[in-house]
Amino acid sequence: MDVVIGQLFTGMSTGSILLLAALGLALTFGQMGVINMAHGEFIMAGCYTAYVVQQVVSATGASLLISLAVGFVVGGAMGVILEATLLRRLYHRPLDTLLVTFGVGLILQQLARDIFGAPAVNVVAPGWLSGGVEIFGAVVPKTRIFILLLAAACVAGLAAALKYLPAGRRIRAVVQNRDLAESSGISSRQTDRMTFFVGSGLAGVAGVALTLIGSTSPTIGQSYLVDAFLVVVAGGLGQLRGAVIAAFALGVLQSAVEYSTTASMAKVVAFVVIVGFLQLRPQGLFSVRARSLA
Amino acid sequence: MSGDTTSDVRRAAPGGRWRTMGGFAVAAVLLFAVAPTVLSDFRLGLLAKFLCFAIVAVGIGLAWGRGGMLTLGQGVFFGLGAYMMAMHLKLADAELYGGPGSVPDFMEIAGVRELPGWWAPFASPVFTIAAILLLPAAVAVVLGLAVFRRRVKGAYFAILSQALAAALAIYLVSRQELGGSNGLNRFRTFFGFTLNDPVNRTMLFFIASGTLLAVVAIVRQLMYSRYGELLVAVRDQEERVRFLGYDPATVKVVAYAVAAAFAGIAGALFVPIVGIISPADIGILPSISFLIGVAIGGRATLLGPVLGAIGVAWAESSFSEQFPSAWTYALGAMFVLIIGFLPRGLASVTAVRALRRRSGDGGRQSVPEQREVAV
Amino acid sequence: MAISETTVRDAIKLAVDEINADGGVLGKEIEIVAEDGASEPAVFAEKAEKLIRDDCVAAVFGGWTSASRKAMLPVFENHDALLYYPVQYEGLEASPNIFYSGATTNQQIIPALDYLAEEGVESLYLVGSDYVFPRTANAIITAYADAHGIEIKGEDYVPLGSTDFSTIVNKVRTEDADAVFNTLNGDSNVAFFREYTNVGLTADDMPVMSVSIAEEEVGGIGVENIEGQLTAWNYYQTLDSDQNTTFVGAFKDEYGDERVTSDAMEAAYTSVYVWKESVEAAESFDVADVQEAAGGVAVDAPEGTVTVDGENNHLVKTARIGEIRDDGLIHTVWESDGAIEPDPFLQTYSWADGLSVDDAEG
Amino acid sequence: MLELDAVHTGYGRATVVHGASLRVPADGVAAVMGHNGAGKTTLLRAAVGLLKVSRGTVTFDGEEITGLRPNARVKRGLAYVPQGQQCFPQLTTLENLQVVVDGKRRGRELVAQSLDLFPALTGLLGRRAGLLSGGQRQQLAIARALLTEPRMLILDEPTEGIQPSVVAEIEQTILDLTRRGGLGVLLVEQHIGFALRACGRYYVLESGRITSEGDGGAAAEHAVREAMAI
């Protein structure tokens, strides 16, 4: 029993990491329909932001909190630049967007390699996040609890912003009916750019948080990217709650399979299950879309 | 715009026939006469490897350029073909050098003395070749029917096929009976011919060349047939095709299966030519890399993918040596510039010019515009 | 992976420069032709063939993963050329065309096990990346454990590059073995040790013996997460010898003070000298002559004197267990009694009988 | 005043409208009539900027706006009520209104004003717009257009597909608006009687070309029916 509950927590923790990595995609891919393969590199940029900030602010606690804010801006800025220079002209060619952003990802990876070197760099976690909390016999590291809370806060914040802020309203309006929004005086360009800023910013935040548990190296974004896309696809486009449920379901599934077999098997099973699931429900868990995604 | 595109295809067909035949002749002379005389054994082997990529590219050109399906998981089919061939070669070597009943050397080293049961059929060359020709296509048919029947959209299809490529690579790494991360290598013979012999390696080059010409011919027939028009129509206006009474899923599955079969064959040829197949050759990265050559050459053209694939592979092999970091930038930039700004590839630059000269109508040509392409 | 390959290249270049400054080999200056294997086995094979056939090099130095070596092996055998492979590996291989300057299993893994057994470890948990080296290493460890009454409490593999260790570390914690034997590769180590430290496991209550973490990796993991943990290698930067002081000094002079030296780099550096000595002993660059003369060639390397074992082309090397200290460096805490004869097929260990069938070509 | 001068437009390479010219006075109503598929909606979409004009110009109050994006035209006082009672279905009625006035100082006031004009919406503010009836959605659509404080309103078949009881209400609102002054209206309507009653000038569009035009009023009905060959 303890094992089951312990694994459940582990799964939730894995899920929250997936969620954090996928949340920005739920906006840019889920809401806008842009397949941004460089999202993983935005996450990586967040990781290195945390590293750079730590070189400046050596107090680990303060640097983590500052990094979260700076990471959001850095990720967001990269997203806006990408949107303004490339994606803007590719909105009618979603599949090509995928390949173009893959190229951007390659460039960013190499850039990181040239700036920071290929070996992983170390981001020191703050003291108050060291150690773990025992829950039903399983010790859950505080870093993971922090990530879980951060993911929850990001989801709640994002949902609230979409619901209550004027900007959020505009984002939803543009997603639901682009032409109508445009001819109602809403600038869909600005709105797209803002959506992209927030979505990419969330990738930056995810990157900062992920330095708490993983390595900071040029290829780190790659390891989250496919998972993140699958979460958004399985969750259904245009809905945050779909992504939330899909992330946690995938996390719990993966850690359960991993516990009984191997981590490799878990990964393979998770992928295959999602592919199978999408055969049954190609629209994902939930789907509300006005603009159909190619 | 679909109407325009289809009529362009029609228009191109009859006039282009002689030109295509001429192209074939030139290509055949280049491959069978010129290349072996001017290239060193090593360079010839390298070119043979590029030809394998070109075979994959021809299939991608059909499925992606003509059919609008972004096949991000060709590594799966390439890997299937390659591993099946590799298993056969390992078994044949074991039989030849270890005597009847021996297990392949890498298993021996790992302390395995019993051959896993499912390896056994691959001892037969006939079975292996049949499996290489049929299995990838069969997998593609099953996968394609499942996906396209459900009208899964293009982006989904791309992400799913990518996930499958990743899953297969991870799975293969964890299978020690398939060599794990090392993959399968150290092949000594190819259907009885010693691989170390330069003459036999040249023969492999010829086999690859012949295969490439054959797949190009097949795709040419498909492109200019009624089916080819239908495929382009499905790419541009899937709904309309449905209303006309055709099943778009079937149309797409055929192209997808053909592309899969080509990738499988290319994988099978890759093994004796390069001498190794490992999970590193079939994951997400190689799968996406297959696309860039196609995009550069011109995804909807017949020869564009071939030339693009060979060109990119050649450039990678020569430039990555001196400037590994610059090569990554260049590769990234190619994705960005070619696909972002020249979606019809380099072929379009010359094709547009040629058309302009001929018709003077502003040189509009078939545009494989991927707008909201539902796959 | 490309990182480590780079450092190996740097070390080789250093050795070549030194030799050239000293008059070269047989009066000839060595010229380096560099190729990038792109961490991909098929590319390694291609580049190896290019070096041998187009560039006609005298010998090739490098390779990193087992896969890269396995991919190059047939190339070197078919073209009868020489490869100097500088990385510790899973053993079970010997080719007349490859000189192995890193440790084979009986110079790294078995001494590590001997050390743990000496320290009173009675149970082990095995964690590794899912590829050939960890799989083979763990098979050896299991056989050793069976013969020495050590219990294996668990054996887990993660896909290469995996960064989620919550499940595995929880299993490790619950199983409460006396020590963990870690064959994880690359960045996975970072995630593993963070998780390990964060669930409250320390080097005191459950030490981790790692065989793939060297000086270069410590920084990325963070000293605070790995302090006190153990490694098994033949060389550490902290070794106290004249040769090593010279080597470390020259390396830092060339590549910067912040750089560290590690086992693979030292082995790569040494391999160039091994080749030089062999060529000079043969008085020829010819492959067959070098192969003939190599047996018994000795080099005073930074790790101590190494000698080529002419039977299997491996080096006779000293095994050392090190502890990672807060300076980020690894300090020797145990050393084998003298240099160990390489035994890639573990033929001198009775408990290893079932592990492999000897390579057909021997 | 809105002027379309020899406008060519269409979808991709298919030109639908071939050189249509019309003029909507700043204070009056112009109606465009024609059969289904004549290109009326296409013409309007070009006027508001949702379609690219390949040849010809669009001028608004003396300024050429041919290349402007739709939202920029809205800022200059052009409002558009598209065909089909369009709304943002997942937003509530209130949000549908708010999203237009966000950032405006008088936003709250404007929303209140529009609810005065369409009191039927007052009770539906919290409901998702997608769940409203066609008539309610059309009222919402007009309300949303008016929130931008337009000087020129473009209406595409405002009464099509709406239950008759509401049609009268909407027609009345439109007539009221046109009589209020300070607002020009470009109306596309199938319902010829209403259109002519409302407009000062009519245009008949056939196969993308203006084939006839004249002054509005009930007397013109015969001429229009003739022109449209009904």
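Note that the chains take the letters A, B, C and D in the order they are written out, and that residue 1 is the start of every chain.
Everything that follows uses one rule, which is that a residue touches a chain if its C-beta (ideal position, glycine included) is under 8 Å from a C-beta of that chain, and two chains touch if they have at least 3 such contacts.
Only a predicted model underlies this, so the values are computations on that prediction, with no experimental measurement involved.
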Problem set entry | Chain whose averaged C-alpha position falls nearest the assembly-wide average | A
Exercise. Among the chains, which is located farthest from subunit C on the basis of C-alpha centroids?
Worked result: D
For this session: Select, from A-D and A-B, the pair of chains that is joined by more C-beta pairs in contact.
Result: A-B
Exercise. Just curious, how far off is subunit D from subunit A if you go by their C-alpha centres, in Å?
Worked result: 42
Exercise. If you average the CA atoms of subunit A and of subunit B, how many Å lie between those two points?
Worked result: 32
Exercise. How many angstrom lie between the CA centroids of subunit B and subunit D, rounded to a whole number?
Worked result: 53
For this session: With chain centres taken as the means of their Cα atoms, state the distance from subunit B to subunit C in Å.
Result: 37
Exercise. Which subunit A residues reach two or more other chains?
Worked result: 113, 262, 264, 267
For this session: Give the residues of subunit C that touch two or more other chains, as numbers and ranges in rising order.
Result: 2, 130, 157, 159
For this session: At least two other chains touched by the same residue of subunit D: list those residues.
Result: none
Exercise. Which subunit A residues qualify as touching subunit D in the complex?
Worked result: 166, 169-170, 172-173, 176-177, 179-189, 288, 290
Exercise. Quick one: in the complex, what on subunit C touches subunit A?
Worked result: 2-3, 6, 130, 156-159, 161-164, 166-168, 170-171, 173-174, 187, 189-191, 194-195, 197-200, 216-217, 219-224
Exercise. What residues on subunit C touch subunit B, complex-wise?
Worked result: 2, 34-36, 38-42, 45-47, 49-50, 53-54, 65-67, 70-71, 73-75, 78, 92-93, 130-132, 135-136, 139, 157, 159-160, 354-357, 359-360
For this session: Over in the complex, which subunit B residues touch subunit C? Could you list them?
Result: 40-43, 45-46, 49, 97-98, 105, 108-111, 113, 170, 173-174, 176, 179-183, 185-188, 195-196, 274-278, 280-281, 317, 320-321, 324
For this session: Using the touch definition up top, name the residues of subunit D that touch subunit A in the complex.
Result: 48-50, 69-71, 74-75, 79-80, 82, 86-91, 95-96, 98-100, 102-103, 144-145, 148
